[in-house]
Each structure stands twice: as C-alpha cells, then as structure tokens.
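Labels A, B, C, D, E and F are assigned to the chains in the order they are written; within every chain, residues are numbered from 1.
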Amino acid sequence: MEYALILVSTILVNNFVLVKFLGLCPFMGVSRKVETATGMGLATTFVLTLSAVSSYVINEYLLTPLGLEYLRTIAFILVIAAVVQFTEMVVHKTSPLLYNVLGIFLPLITTNCAVLGVALLNVQEAHGFVESALYGFGAAIGFSIVLILFSAIRERIAAADVPVPFRGSAIAMITAGLMSLAFMGFYGLLRL
Amino acid sequence: MARLVVRDIVITTMLLGLFAAIGTGVVAWVHSGTEARIAENRLAMTRMRVTQVLEGLDYDNDPVTDHHRVGDERLGGHDLPVWLARHEGEVVGVALSAIAPDGYSGDIRLLVGIDATGTLRGVRVTGHRETPGLGDDIEVERSDWIHTFRGRSLVDPPIELWRVRRDGGVFDQFTGATVTPRAVVRAVRNALLYFEEHAEALLALPPPEEDAVLTIEPIMPEIPDHLAPTDPLPEAGGAEESTP
Amino acid sequence: MITSSYGDIIREGLWTNNPGLVQLLGLCPLLAISGTVVNALGLGLATIATLVISNTLVSLLREHVRPEIRIPVYVLIIASAVTAIELVMNAWFHGLFLVLGIFIPLIVTNCAIIGRAEAFASRNSVPRAALDGLAMGVGFTGVLVAIGALREIVGQGSLLDNAHLLFGEWGRGLRIEIFPQEHGFLLALLPPGAFLAMGLLIAVKNLIDARLEARPIPTATPEPKPAQP
Amino acid sequence: MQLHRFHGGLKLPDHKAESTARPLLTMGVPKFLYVPLSQHIGAQTECVVQPGDRVTKGQRIGQAKDYICANVHAPTSGWIRGIVDHPVPHPSCLSAPCIQIETDGHDQWGEDRMEPWPDWRERDPRSLRERVRDAGIVGMGGAAFPTAVKLNPRPGKRIHTLVVNGAECEPYISCDDMLMRTHPAAILEGARIVAHMVGAQRVLFAVEDNKPEALRALTDAVPGAERDFIRVISIPSLYPTGGERQLIQVLSGREVPSAGLPADLGMVCHNTGTVKAIRDAVLHGQPLISRIVTVTGPGIREPRNIEALIGTPFADLVEAAGGYRPRVDRLVMGGPMMGFAVGDDAVPVIKGTNCLLATRPEDTPPPGPVMPCIRCGECTRVCPANLLPQQLYWFAKGKDFDAIQDYGLFDCIECGCCAHVCPSNIPLVQYYRFAKQEIWGREKDRQKADLARERFEFRQERQDREEREKAERLARKKAALAKKDSEPTDKKAAIEDAIERARAKKAAQATEPPPDRERADN
Amino acid sequence: MRFRTCTSPHIVPGHSVGRLMRQVLYALVPGTLAMTWFFGWGVLVNVVLSVLFAVMFEALMVALRRRPVMATLGDSSAVLAGWLFALAVPPLTPVWVLLIGTAFAIVVAKHLYGGLGYNPFNPAMVGYVVVLVSFPRELSLWPSPEGIMEASLTFWQTLQTTLTGRLPDGMDWDAITRASPLDMMRDSLVAGQTVTEVTRSPIFGSFSQTEWEWAGNLFLLGGIWLLYRHVITWHIPVSMLLSLAIIAGVFWVFDPDQFASPAFHVFSGAAIIGAFFIATDPVSAATTPRGRILFGVGIGILTYVIRTWGGYPDGVAFAVLLMNMVAPTLDHYTRPRIFGHSRDGHG
Amino acid sequence: MLNAILAIAGLALAFGLILGYSAQRFRVEGDPIADQINAMLPQTQCGQCSYAGCRPYAEAIAAGEADINRCPPGGEATVLALADLLGRDPKPLEVEEKEKAVAVIDEQTCIGCTLCIQACPVDAIVGAAKQMHTVIEPECTGCELCLEPCPVDCIEMVPLERGLQDWRWTQPDPSPIEQPRAARRKAAEARRESA
C-alpha cells in the first residue's frame, strides 16, 4: 500500500514536471513529436531508476559511513554522468535500432534536473532501497506521461492559428501552465 | 571488436581521478572552513522558532540543546520533540510539537509554547497543506489570527468555549473556511490538556548531559510547496539526531 | 566555430541567445525559484558564480580532456563549484539557503551551465569563456528576476519581500508594498503562474524582436543556436 | 439475400424524379464535335488522324499507347478540322488537345467497323477483352478507368462474382436509372458477357430501392432459369452506397483491402453503362462513342436524360433540355456531391460524363463563412471509409504529410460526405485532393533529387579523375615543352581544359584556339 | 456561356457553428432559470455579466489581431463560454472575480491558441479553475437555497453585492451562505461523521427532492434535447455518468458510512451539467468515438477521486481539464479501424 | 579531508576505468544524421544556401552550424521535413521560394563555348566545342548556375509548363476569420480580378 502511495504521489500529486518543476528542459525541448517524446520518456525511465538505485547505494555505503554527506552532489552527479555515458556507449554499439530510438536523448539526461533531484530527494526523505527505486521509477513515469501528453498537445497546436508572438515556445509554456493548473486538482490528494 | 589500448584506458582513468581529487580537495577545504558556522546556523533557526513560541518567558538555557521526545493521543503523534526552557535549572516553559489531524487537507503541524503555569506563550504553524488563500491564514506570515492564542489557558476561555465561533466558541473562523481554524483550535486545546495532565513529568525532565548537542539536519524544502515554505523547523519524525 | 567579438558574446548572453528565453535552458530554477525577487536574485547570483567558474575552468582544461570522459569531467568541475558555493551560502546566507533548498545543488544540472561548457567554453579562450559565462549568467539572472518581480507583484503585491535573507537586516527596509497581500492574485505564486509568466515573457521578447526587425536599419542577427546542446 | 451496411453515409434527397419524368431523348448530330484525347484515367492517347482527314463513324482516331489507356473513336462521320486546344471538362478549367470533327450528318460507318460477335459464347475471354480494349471502353460510373484493364485476370485471383453497379446513389443523376428502365435486356446480356469473360459464376445486380421501375424492369427481364445466376438486388438508398467498396460491403459484408482491389475478394464491379457498352461492342462491334447524360438541376427548364455523342458541347445538351433558366451561375459535371463545376459550357461530353447539373445562386446559396474546425466529429460519423476527416484536415492544413498518410488519406474516396455535414463549412475534400497531389508531387521531386544526386556524384568523381589525369599530363607537358614561357591566364586555362576534356571525349575533334571573345561581346 | 467554378459538394446543408452554439444556449435556459429560482437573482446577474465580459474580451482579442470582429462574434461561442463559466461560480461572486475568470477563459485559454476551434483546454473551465485556486474564499461562498435561507436578497441588493463584493449592511456572509452538499459531505466526513449523519441535514434530500437536484434535472432535460438534436453524441455524457456511478457504487457498497451513494454523486455538484454541457465541448474533448468514451470514463473517475480524496470539493472542472490534456493522446491511440485495413491498423 | 578526496577520487577512478574501457570496446563510426539530412535536400547543387552544394550544407546543419531554412529550391517542404527530423522549430524560408524552371539555350545565339557545360553540376547540358549546346530538360534541376558563365547570355530560365497532367489542386484559402484584414482585402481583390 505504501509503495502504491509512493507511485501515485510521484506520478500525479507531486508530478515532477508540473508540480515540482524538475526536468523542465527536456520537457520543453523534446516534446515536439509524440514519437520523440516517447523515446525520451523510455530513456529517462531507464536512467532515472538506475541512477536512483546507484546513488542510494553510494550514499548508504560510501558517503554516510565516512561522514561525507556534504559531497553528495558531487558523488551523485558523477554516478549519473557515468551511468548515462556508459548506457549511451553500450546502446550505440550493441543496438543501432535502439540507439536511433533512445540514443540521441541519452546525453540530454545528464542535465535533467529530475535525475539529480530524485537522488537528493531520496536522501532527504530517508527512503530505503525499494522506496528509492520506486520513487525514481514513479518520478520517471510521471515525467514520461506528461511529456507524451504534452507532445500530443503540441502536435495539435502546431497547426493552430496562434498569434504570432506566441508561436513556438511561448504557447508551449502557456500550455504547460494550463496543464499544471489541471494538476492543481490533485492538490491535497493523499493527505500525507 | 576493436583492439584495446591499455595506455588510453589508464590515461582516461587517471585524468578523471585527478580531476575528482582536485575538485573534492577544494570542496573539502571550503567545507572545513564553513563547517562550524553551518552547524551554528542550524541551531539558530530552531532556536528562533522556539523563542517565538516562548515569547516573554525569562529563561537562561539554550532550549535547542535541551529537548526530549514525547508522544500522546492528545498531541496527535508519537515521538514528537519538546523543547524545554529553564531558569536556573527549573523548567519554566515547554515548546510542544502537536499535530492537528483534521485539517481540511491533512495534518496541520503546530509548535505550542506553554509556560509552567499552563498559559499559552505562543503558537506557530510549522507545516500544513490547507488551501492556499483560504486555510493558510493560520500562518503567522499571512494573518494575525494565530496570535489570538497568546495568553490563553484552559480557564481562559473556559474549556467548553474552546471552539470556533460558529460552533459556539470564542475563536474566529475565517469566512468560507471553518474547518481549518476548528482543527487548530482543537489541537491547541488538546495540547493544553496534555500539558495539564503531564505537567509534573514535563517540568521534571532532566537537563541534557554535558555533551548532548542537538544537530538537526534542516529539511530542505522540496519545492516551493506551492507557496515557498518559510518554515525551516524540523517536522516530527523527520529530524535527524545524533544525541544518544 | 567562428570566434565572436566580445560585444557579440555579451549581446548573445543578454538577449539574442538568452539561456532562459531563447535556449529554454535552466528552466527548473527559473520557474521554481521565481516566486519573489529576492529568491530569484539569490539563485541568480549563485548561478552566475557557477557559470563563470565552470566556464573558466573548462576553457583552461579544454585541451586535456578526452572525449569519453568529457562530460564527467565538466560535471565534476561544475559540481565542485556548486558544492563550494552551497557550503558558503549555507554558512553566510542560511535563510536564503533554506528557501532555495534543493535548487542550489541542482544548479549542477542546470542545463544552461553544462550547455555553455560544451558549446562555448570548450572551444574558446579563457577570457572569452569567462565573459560568456558572465553574460549568460547575467542574462539568466535577468530573466529570473523579471519573472520573480512579475510574480511577486501580481501574487502578493510587494517587491523585494524578505530582502534581509540576501542583504542582511538592513534589507528589511527594502520591501515595497504595492497593495495588501490579501488582494494578491494567488495564481501567480502557484506553479501554473510560473509557466504563464514565462510564456508571457517569451512572447514579449518575440514582440520586441519583431519590432526591432521591422525597423529599417538592417542589423545582422547572429545565427541562432539549436535549442538543445 | 442478407445485406450489410457500411459505416457512415448520408441520406440525401434524391431529386431524380425531375429528370426521369421525361422520356429518354436521342440527340441529333451537332455540327462540330470536340473529342478530347484524354478522357480517362491514365496516359493520353495518341492522335492517329491528320487535319483534313475524312473519318467514318467508329473509326479509331486516337490510339492507346500505354497499358492503362483507352482508344478514342470518331462518334460520327465527318472531317477532321484540327487538333485544337479546347476547354475540356476538368476542374482546372484548362484547355487540352481535342480532335475537332466537322460532322457531315450521314452518320456513316466505315469498312473498319468491328465485326459483330453474336456468337460470343464461343469466343475465348481473351479475344473478348481485346474487343473491349479496341472499343475504347472505360468505366462509366465516374472514374473512367479503362475497363479492359479491370477485366484482365490477375495471377492467383479467381473471380467468382460480378457486381453490376446500378446504385446511382448521387442525387439528381438518373442516367443509369433510365438505361435500366429502357434497356434491361441489353444490360443483362452485357452482364452475361462480362461474367463469361471473367469466369464469374454469379452476377449480383445492385439497384437502390428508390428506383422501383428500374428494379421491376430488370427483374422481369431475367429469365426464370437464370434467377440463380443473375440476382437483382434492391439495396437501401444511402449515399455513397454506389462506391465500389461500399457496394461490395453491402452485398457481401466483406471489405476490400485498403491497398487491394475487389479481385482480392474474388469480385469485380462494373457500372450498368459500362456493361451495356461492352455488350454493344461485342454484339454490334460498336465502340464507345455515345452515352446517356442526365441534364438536370433547378437551372434547367426541362430536365431529362439525353443520349449524346461523345464530343457534343454541353451547351447543345442544355439546349436540347429546354435551355437554362435565368440567373444560372453554376454548371457541374457529375453529381452534386462529387462533381466539379466547369467554367464554360463549350466543353464537350466525354465518356465519363454522367450528368450535367445547373444551379442558380438561390439553389446553392454560398455556404456560411468557413470557420475553424470545432472537432465536432460529425464528419467522422458519416465517413464511409471510417476515417477521421477532421484530423486529415488538420494535417493537410499544417502540411504534415507523413501524419496524413498515417491517418489514411489514400483511403479517402472523396465522396464529400464529410464536407456536406461540416458545420464549419470547411471544403474538406479539397484539402484532401490538395494533399494527395502534393504528396504525389513530392514523391516525384524526391525521385528527381535522387537522380540529380547520382549525376552530381558521378560528375564529381569524373572531375576528380580528370583532375588527376590533367595533373599528370601537365607534368609531362611541362617536361617536354619547358622552353615555352608564356603562362596562360586562368580563364584561358579553364577553357582550354574544357576543350581538352571535350577532346578526350570525342577524339575526332581537332585542337582549336579558344573561341573569339570579341565576337561574343557584340 | 461562362460559369463560376467552385468545389464540391454543390448542395448546401444549412447548418453553421453559430447555430450549433445557439442550440446549446437554448438547452441551458431551463436549468439556468431553475437555478435562479432556487438561489436568487445572483445566478442571472452572474450570467449576464459574464457573457458581457466574455463577448467584450473576444471582441478585444479579435480586434487586436485585426480580424473581422462581427463575423467572429457571430459564432456565439464566447457567449456560451461566458454562460457556462457563470453557472460554475457561486451566485454573488464579486464582479472582479467574474472579470478575471472570463479574461482567462477567453484571452488565455481561447485566443492565445488562435480562437475558436484551436484551444486544447475548455475555456470556461480554465476560467473557473483559475478563480477557484486564486480566490478560494469568494468561490466557496454558496448562498443557501432559498428554502432554507435565513434572509434573501432583492435583485438590487444582489447587483450591489456583486459589484462591490460586499453584502448590504446588516447582512453577514455566514448567515446567508452554507456549504453546498458536496462541501458538507466532505467536511463532515473529514470531521468523522458518517454519510447517514450527513445526509440528515436539511439540504440533503432523497432523489430529485432538493433544489440542487431539481436544477440538475432541468439541465439533464436540456442535455437530452441536445442529444435529440444531434448537437452532442451520447458517448461522453453516458460514459461519464456511468463511470461516476459505477465507481461510486463500488465504494459505497464497500463502506456506505464512508462513501456517498452513486445517486448523490451523479446528482450533486456539476456532474450533470458537466456531462452534457462541459465535457462535451467538442473543441477540447476527444473526437474519435472510442476516444470519447474513454474521455468520459476518465472524467467520471477523476471526478470521483478528486471529490473523495482531493483538496477541492467538486472535481468536475479539474477532471475535465485533466482529460482535455489527455484528449490528443486519446485521439492518437483510438483511431477507428479504417475501411479495408486489418485490425492492427494496416492494410 | 583525505577521506573525502580518496572516496570521490576512488569513485572517479572506477568510472574512468569503465568509461575508458567501454569507449574503446563500444566505438562506432560515422554520422548518420548528415546522411539523413542530405537525403532530404533537393540536390539541386545550386549553392544558394551559401555552401558548396547540398552535402556540405547537410553537414553544416548536422554540426549545428547552419540553420535549416536556407535552401530555396527545397522550399517550405524541406524546412518542415528538416525541422521534423531535428526536432527544431520550423522557420520561414530565408529567401522566397522560386517557381520551378528549367534552363533553355537559345540555339541561334549559342557559340558553343562549353562554359555552361562546366558549370552544370548535374551534366544536364550536352554539346561540343563550337557547336550549339542543348539542355536535357528532364535532367535540369533549375539551379541557374549556367546563366552566369555564358558569354553571350543565351541561356534563359523558362518556368516549367503546367499542362492538364501537372495541374494540381491548391490549398484552399484559410477561413476569412483567420486572416488579418489586409490579407482579406487582397484576397477579395484577387477574386474580383479573376472573375
């Protein structure tokens, strides 16, 4: 039950993108096409879960025992960068098909705040191993869902008669704002 | 498969290691220079809050280092921190953490300052999820409502008037929002009742051992929790302690 | 890459290729920390410092980094700088540190920073890189503060609220009240308000650009960069 | 027989009584005929007569030079006056090459008239198909697709059912109705011939239930012994039930695969007019030189059906139908749903002309202003192809041609149902036509670009090679002619190089000094 | 003789967007009158002012974009958006709240996207949600139905209240307002009461007996008329109400003390008007038949979830916006099987 | 402090090892993006994009140095396709789209200098020195590169003829309420003229 709550909370109530403001750059940048958005979502889900778990391990078995909490940021980002780069190289070599689908997004993920954010929030909320993994996974699913929905809306807006100054990123921002407004409906859900 | 050039691998590895060592070195050096101040800052924030709810009380200890954990139905939770203010070793006031479970959208966390006579010295909301713009008038930053508790006790007003006006009590509700104030009033009343019941035990709590330093990891506000949270006070259970 | 003049670098950072409005990078802090001017300014300053430091260092080291560890090294440099800044803020601007919260460590992943390291600093000389960092940082902070001001005024009717967090006790006097807080338009402070304010700002920039372009004097506009590094 | 239904469709007021009230009229021979060389889907025919030639009725004047193409014959006897650019019935209002025939009024057949084959049952399908091809028969149901092609067996596909399409679902049109009422036996004979040709064991003759006379005439004409072989079926009137794919679904409940043909289901579908034309060609050796045209609409004084020669100007037909009413401003070839407005009534009747519809402004008031699509979904409800017309429109407007194909643009049969129900009055079908042609055009451009790239790369390679060769040659030359000191200028060198290359290619050319610049400057 | 050329089809069916919208307006009349009857003049004042503002903003935006103003206003969609917005907010809402709400509805949600037909979100609901989250105090003051109200306002008093945001002297908000049934249900359940206890309150009645339910019934009537006139299709209203009833039924059977009955959910708050008038907004809803069913089901479920566990008493507006967000994706994945294509979508 | 340095440096060493190894183990060559872009360009090889042909322009786009809206022969369609491929915002073309045309050599004037042959990037001109030249129409891409070198200006660009077979439906006008007033007036005038 508690695990289910973590998922519901990260996907809907505290959606990373629309409520917590994490991972916005890829959210705006890779949402012009549903297909690309789906690829980005998949890639992020993979990396996010993996890095949530690895940073948990690093934190629990390296930093905390040594009393080096203040080095968390450095250690985590190092983990993330390495995971991302490694994944990219492996995918690139082993499956050109998968690389075509996911590969081009991988470098963007290092700089996705959500990834580091999840690692840091896991520590802050004192999540255990499973919780950390679920938190990362839920965050990534929440990210992917809104990314895909957003890209479908943007595809539609692309043919709309938007006033000139608002064409492009401005109307995309407004749309994200209205999506975030809709997500206000989940405010107060799960009285945690 | 490409032929592996071991030299390249070693160089890569060493380079990365070198950068890491230098970077960490610099950070560690900065850390050593700021460590003490940061620790002090943490205490100061907590101290400020406790001081606020014990306003006007004359004490000579540092309540931040003088804390215990208590739990009770009436306080709405277990393992809640309580800070003690002492004058010449005698407890003259306590800052109790309390939780109102029946807010409009979940728990409302309070810090209730009560002096030894059972009179309220101050109340602050330290965490809630009430509707912005409606229920959040209980925050001291948004309205003065919370100050109406100052100086009150279980006899002022009498216990049956410890309700909001709509329910026949003396405390104001907000137009359009009764639930939130109702919950807060009830929680404060319960905290007073708890204090009355446990006054002896609370007032007799021993001072901390010499080296018991309280280091509370400040909770990093996750995000501007809709309205940027300005309250750094640790939530019950969320605090980390190194006290034995 | 063609080396651009110092003037160009400044113009790019502040306007034509502004990280916030044009490149759409660093959006998370831009939207999360723009509830008030003071928060915005605080984070902006930290970001400027990080950008200048990281750009300078990356430019210094650009010859010695191999491609396979390029990103980890940049990230390390940035992370070290950010952690140092974080510690300093924690020590001397504790109140602000608490308000900015997780977004200080998250400067590390501010796409604008690594983006500049990749796109500019790793290909340019140290003074250029440093200037670029400064210009980008100031451009970023400008947008941050603009959104902050907009949201603060509309949302709570004040400007420079909580200035003491940044400027010390004397800062309390800086607060300007435009109308009482309870008349504020709450939406501006809520997450949707951040997005809407940003959208509005981009539209205003587009409008200004269109006006500038419509003017008869033809100004050579530099090549816009792709939105993602 | 169990009937099925297709998705969507529209119930439209049929307006057929106006034109069926008067009997069929056979028009006389007009003074001039304009026979377009391209009356069908596919390549243009090649003109095989010269201006001044005399032609006899049924003489081949246009020769098919491609597989998907149809011969053109002289509708009557007379003289060729020219191969002229004349307005043709086409939505573009453009002119196209037409054979202008001045008729002599004798309507005289020539010796080359095809031999009648009353014994068609003895002939093999192959020669019958040849006959259909020679006769220049194209589909008369609207698409004007060369019928011989459709009759060709496809490897691995056995035809078991011939569907004769007498639905005539569009409002106003009644030429098939008239044909069925007046020539039921001929049509049935045609159906037998076609069934023989394709080897079908069954003929389904589908007629909409709003044509009771035609139904009765046909039913009566089917001999009792043949009732199992030829079945006349009354189908509910619902536009566009006459569409080939829709009709097959109504009759069999099966859908013709998107990229496939009815033959994939063992069926073939022909229009009543086509079937009759085949019969005329086989039994009488008469090529397709005339057809029945419905001249109707609120803008016509005496709406009726007229049998007219191919090439007769529309104006003459209207004349024969009592002329225009005042204020007529729109003349449509085809029905109101799928037809197109022509710009001029000088255009001639072609093989695919089934109807002329004239309207006045008050009959077709300009629709309200075009509004943006409000996604009401009405179009989806009526689309017989089960498409999402609003999405197609959206993509056509945004020129997202990948998406529009993904959403099935090429399954659209351009029936116009969607545009008819659209509350926003969007000319939806026009968007689809535009998108289809744009996609074809782009495909063409892309092929051209690929060709250009090949040629460009080839040329670069060649230049590199020549560069190398030249360098070598130059080195050799220099060594040999070291004494020569005058350095040629760049330009001269370039020209010399060119010449050199030209020489390399055509060894026969002699070395010449560069062309005289002076003369060029004048 | 020469002729005008134009494209097929060549018969004119005689319908228009304006007519469509006006039919929806007619269908709203009975329900609106009923609400006026039960809740006082405030309802009518709201409608008139909001429509006025909405039309004004529409004209302003169109003029700013140098487009034909009259032709655009002729489609009546701004009137409809204003009207629906007015029905969503409580009577006696101050005029500036109406102004801000309609501004967001028309300017931000509609015209920044290009006006009629392009908005991905339901304008009226965007306007309502904006004012709901920004001015929760004003938006939670529902006057008690006339029957149990302690004092009632005349037309002029109503107008004055709306324009100034203050009640006439001697009146008190606490006296004339009262939580709506949904509010009441929510508050009381939070306070630990059971459903049966709550429903004993005077504003609760059994099926079709209270004022709230009467208003709902008349909107239902209008909705059925729209169905009959083919202005809307059955997919969205039916699937929304059915899914709301089913999910409510499941929880209700599970624990009737903690969860209100399906009838309560269907007939209170904005469920009926939402199902027939708001969720059916063609522009922002899904457009494929299957997509529409899923769209309705989504709204039904989300409405229940937000009502039961969320921070706002009525979830319809949020549910509609949330599903608006999903609609393009739904459309993408629920394309009907094209004629002649096999099941997996390709021929 | 030593702890800190050792811990992080150790981490970094580990990752460095992994990355250094995998960089070699998993090396891939080639830049498929440039190829994809090149496939979308019209291959007119006209250089109007300011690059020396389509391929260099494709490479410049792939490297992020050039914008996607600089190929006039490709027109709007190419810009849209590129925007799609690269996930960028489509932009209006820098120069106006030209009508498709082919070069025609005035055979009377031609002096047979062969200069145009050398200029033609796709070998669409045939002829020999001192003889008149002709353009192979289906192969001409309309790049206009042959115009300039001709010493007697005998080459002319002739718009491609549009017969019945090439006739295409145009995109319908947008709704009048979607057009600014000025555009509406212009459209109305055009209609009046054509009537």
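Keep in mind that, in the parts below, a residue touches a chain if its C-beta (ideal position, glycine included) is under 8 Å from a C-beta of that chain, and two chains touch if they have at least 3 such contacts.
The structure presented is a predicted model; accordingly, all values stated were derived computationally and were not measured.
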Chain F and chain A - chains in contact with each: B, C, D, E
Path length in steps (a step moves to a chain that is touched) from chain C to chain F: 1
Chain pair showing more contacts of the two, B-E and B-C: B-C
Most distant chain from chain A, judged by the mean position of its C-alpha atoms: D
Between chain F and chain E, distance of the C-alpha-averaged centres to the nearest whole Å: 50
Centre-of-Cα separation between chain F and chain D, whole angstrom: 35
CA centroid of chain B to CA centroid of chain D, Å: 83
Whole-Å gap between the CA centroids of chain A and chain E: 34
Touching two or more other chains - residues of chain C: 32, 68-69, 72, 76, 79-80, 83, 87, 102, 186, 190-192, 196, 227-228
Junction residues of chain F - those touching two or more other chains: 4, 7-8, 11-12, 15-16, 19-20, 22-23, 25, 27, 84, 87, 89, 172, 174, 176-178
Chain E, residues touching no fewer than two other chains: 4, 7, 65, 71, 108, 114-116, 118, 130, 133-135, 311-312, 331
Each pair of chains that touches, named by its two labels: A-B, A-C, A-D, A-E, A-F, B-C, B-E, B-F, C-E, C-F, D-E, D-F, E-F
Complex interface listing, chain F residues touching chain B: 1, 4-5, 7-13, 15-17, 19-21, 23-25, 27
Contact footprint of chain F on chain D as seen in their complex: 38, 44, 88, 90-92, 94, 96, 369-372, 396-397, 399-400, 402, 424, 426-427, 430-431, 433-434, 437-438, 441-442, 445, 448-453, 455-456, 458-459, 494-495, 498-499, 502, 506, 509, 512, 515, 517, 519-521
Touch list for chain B against partner chain A, complex: 20, 23-24, 27-28, 31, 104-107, 129, 131, 219-220, 222-223, 226, 238
Chain C contact footprint on chain F (complex, rising order): 12, 15-16, 19-20, 22-23, 64-67, 86-89
In the complex with chain F, residue positions of chain E that touch it: 4, 7, 62, 65-68, 71-72, 114-116
